[in-house]
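Just so it is clear, A, B, C and D label the chains in written order, and each chain counts residues from 1 on its own.
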Amino acid sequence: MIDLGVSIAGIDLENPFVLASGILDENGYTLVEVLRSGASAVVTKSIGLEERKGYIPPVVYELPYGLLNAIGLSNPGIEHYSHEISIAIREKKPIIGSVFGSTPEEFAHLSSRMEDFGVSAVELNLSCPHVKGYGQEVGSDPNLVRDIVRSVKRKVDVPVFAKLSPNVSDIQAIAEAAIDADGFTLINTVKAMKIDIYARQPVLSNVYGGLSGSAIKPVGIRYVYEIASNFDRPIFGVGGITTAEDAVEYIMAGASAVQVGTAVARVGKRVFNKLISEMRDFMEREGFSKIGDMKGVALRR
Amino acid sequence: MIDLGVSIAGIDLENPFVLASGILDENGYTLVEVLRSGASAVVTKSIGLEERKGYIPPVVYELPYGLLNAIGLSNPGIEHYSHEISIAIREKKPIIGSVFGSTPEEFAHLSSRMEDFGVSAVELNLSCPHVKGYGQEVGSDPNLVRDIVRSVKRKVDVPVFAKLSPNVSDIQAIAEAAIDADGFTLINTVKAMKIDIYARQPVLSNVYGGLSGSAIKPVGIRYVYEIASNFDRPIFGVGGITTAEDAVEYIMAGASAVQVGTAVARVGKRVFNKLISEMRDFMEREGFSKIGDMKGVALRR
Amino acid sequence: MVWVPGVGEIPLSLSTIKGRRKSITVKRYGIVSQALLKYKPGDRIFLRGPYGTGFTLTEERNLIIGGGSGMAALRPLINDKSFGMVSAKTGDELLFTHEFKENSIMIMTDDGSSGLKGFPSDYLESVDIDQFARIYACGPELMLKALYHKLKDSRPDAEFSMERIMKCGIGICDSCSIDGRQICVDGPVVRVGEINPDGEFGHQKLDISGRRIEIHL
Amino acid sequence: MVWVPGVGEIPLSLSTIKGRRKSITVKRYGIVSQALLKYKPGDRIFLRGPYGTGFTLTEERNLIIGGGSGMAALRPLINDKSFGMVSAKTGDELLFTHEFKENSIMIMTDDGSSGLKGFPSDYLESVDIDQFARIYACGPELMLKALYHKLKDSRPDAEFSMERIMKCGIGICDSCSIDGRQICVDGPVVRVGEINPDGEFGHQKLDISGRRIEIHL
């Protein structure tokens, strides 16, 4: 008997496949469809205090082995988003509320509202541009990360995941700063860009964007492995997962569960059912009966 | 008349395509073959003070869209390497000596020996593990970078290129620290890893490696664009260049010339002649007569 | 998705499909469409796609119901046997009316400045819809909604092209969704029989920030 | 390239090529080969490749000259009409001698413990090399060098399999190069006519760090 169930920071999931933040999660009815397609939970789009239009399109660019995006954190603002959550929550599967901000107070307020709306956990998107510094991100400033995580933890009772940026020199210092979180989500997109040599211009209106998809899987595996080797916190692995083998790689690197983003566009929402059946096949073939039995087996301790 | 010649930090190159460090540049006779295949110059393997065996194989792993490597800076030591340079230098094309170390003094000594051997420039590999910190690289410590570049500049007369790591939070702070260099080389490989889920182990004996090839091109473009936008230094663009269109993308992002690594393995040494003829075709079609006319045209100033 | 470098990118339909030369038809609206209208012959156009579903092509007799720039997407469907119900706000916004045979077109405008006054749905009863092998419609959502109610029982095979904000075109951003389906991938063309009258169609949509808004005239 | 997880990866040749089941033959040498020798039937083997060039297969009469574990790479070439010159340091290191027909093999050892004493090159004159459609050799470089001088004029079509440190197997690390050619890609099998006697072959090679060393017996 193969059991796909996992538990991460106290949240029980019927399978390890969760929708990643920012992908098909703006509209509550879409979240419902994603959950019905097999996802065990969904992470919402990152929501801020105020309504934001995001960047003018082009906001995405497809590469052969990945996707560039600079959506620009478009969102209706936390109060308006409550309606979308109220639609999705009827599916009775965990909703993880993702929030972004620039101060600990903002993060704490947003997380607390998410809790009010009934989410099972919050995920702190610590990878947005940081107003204080220049060209820097909230997630690369350990002191700010520490304050944000602490403020949120003081305010909410649901588990808190810190989603870390891969665009840092020293991920261990950042994870150490975020150690009050109940778990980590690794990784967000890798800063990158594309120039159209015929238009002689950057393709994204924001110039810079985030790279996701297959191209970043080796980077994601590295971060999960490094954090799992050094910290005792459950991890959501995310970045380039398209097949169950990709998910297994993250789990063997130490992830408890995984999130899937770009593949939902590449394959469609049916990617979740595909992952579930591929995972069963893999476990059967390789003699694993529980997801937990694969967790961290590649770590050299 | 299409002119492929470029000049970078005072070095004249017959075309913009240079062999990147660490690829087919251990043996002097191979450097000769690479130069005869059309490369306008070669960067040597990174050479240190002492002989090093590097890591036990597996030291490379092929991904569909890139290559992982952890060669481990194997090299015969600077004194033994002089013989390889003496073989290559007979081709009368520029040789750029790459060096690695952990202190400013080491870098200065190595660079000075390279100059004695007759190189046209030195390239400082600022992306090797840094002994002082943990999990950190020489290239992510601005103070160390500043000292290294200054010490080298005091010691040698040939142009000095600082090769920067993409594994940093704030590339602008590092470039600022390296501002005494005559030019920048961007980028080195992106830290990454791969687990073989059947062996249930990391594939590289060193666990972590560097990702190169197509997967990192959008990352390389971003770094070149960002540095070209903010600093007035010539740039070697490197990372995932396989076609002339890739090279044009780097040049439009602000690079003066480019280096080619992984594609030399993927396509073979004939990649240089392929790049040259593709570049001629592109320039003819698009109405460019000089490489310099394309330089930085995508920058928003 | 048509990109004007330095300006923006918007979803547009092909108004010519067959042959090597394609065309798009753009209504002067905001920043991107205005920039497109400055293009001269020989200028380079940047686009990606086409994405999503298209109308089922037929050489048989079909009914084409277009509102405003919605006619752009319908134009490739016009054949010798087509009958058109073409509408617009005012007469000078009417599109492609000359491409239908004489006596094979009904024209209407909101203000009555050309043809009949009113919407296509007001006049649908005046044509015998059973004679058409296919029925297609594209235009403002409230026009489609009115048509929906008249066609849902008799012609569930009628095809509507839907409009929403489209940022990615590839089913990832969720800005175009109706009832959980991404119109950029599973649409924009959908069959009347697939539409849920109690869902978002004709009632609500998300605006550019993702904020849910009611659809009014 | 055969990988023993947690131990290392080394270049090995296939000693069976045809059919679904393949084989490798490993000489007990250092850490990886010793780890391989502990494998039991049913164990999983990890490999990548095959890379590079192979011997030209023939069903005609051929001459097979093998030194030590070099016989591993030569074994798939053995056919009914093959003649073998098989050598090793001592008698118990001789490989695949029983796969040749009786009277179709000459055996020699460095110490004379089995067959003739000496190297294959010492006895090459005793066979009529013109009778062979193909000539193949694999073994220590100094054996190949001695053979080279005897074959370069008469049989430039003879094929040698070369050995160097091989770290990547895909033409990127330069550890395997001879005269600027990567033996992992353009070799290991090369024709005698392509070899430059004044280059690195038989004279110099790079060791594991990339340090140039002289090739001695």
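What we mean here is this: a contact is a pair of C-beta atoms (placed from the backbone, for glycine too) under 8 Å apart; a residue touches a chain by one contact, two chains touch by 3 or more.
Just so it is clear, the structure is predicted and the values come from calculations on it, not from any experiment.
Taking each chain's centre as the mean of its CA atoms, C is the chain most distant from subunit B. We define each chain's centre as the mean of its Cα atoms; on that basis subunit B and subunit C are separated by 52 Å.
Subunit A and subunit B have Cα centroids separated by 33 Å. Taking each chain's centre as the average of its CA atoms, subunit A and subunit C sit 36 Å apart.
The set of subunit A residues touching two or more other chains comprises 198, 200-201.
Within subunit D, contacts with two or more other chains are made by no residue at all. In terms of which chains touch, the assembly is arranged as an unbranched chain of neighbours.
Interchain contacts (touch definition given at top) occur between A-B, A-C, B-D. Interface residues of subunit B, counted against subunit D in their complex, comprise 23-27, 29-34, 45, 51-54, 56-60, 62, 67, 69, 71, 74-77, 80-81, 83-84, 196, 198-201, 203, 205, 261-262, 264-265, 268. Looking at the complex, you find that subunit C touches subunit A at residues 1, 3, 5-6, 8-10, 44, 46, 48, 167-175, 177-182, 185, 199-200, 206, 208-212. Those residues of subunit A that touch subunit B in the complex are listed here as 63-66, 68, 133-137, 140, 167-172, 190-195, 197-198, 200-202, 207-208, 211, 214-216, 218-219, 221-222, 225-226, 245, 248-249, 252-253, 286, 297-298, 300.
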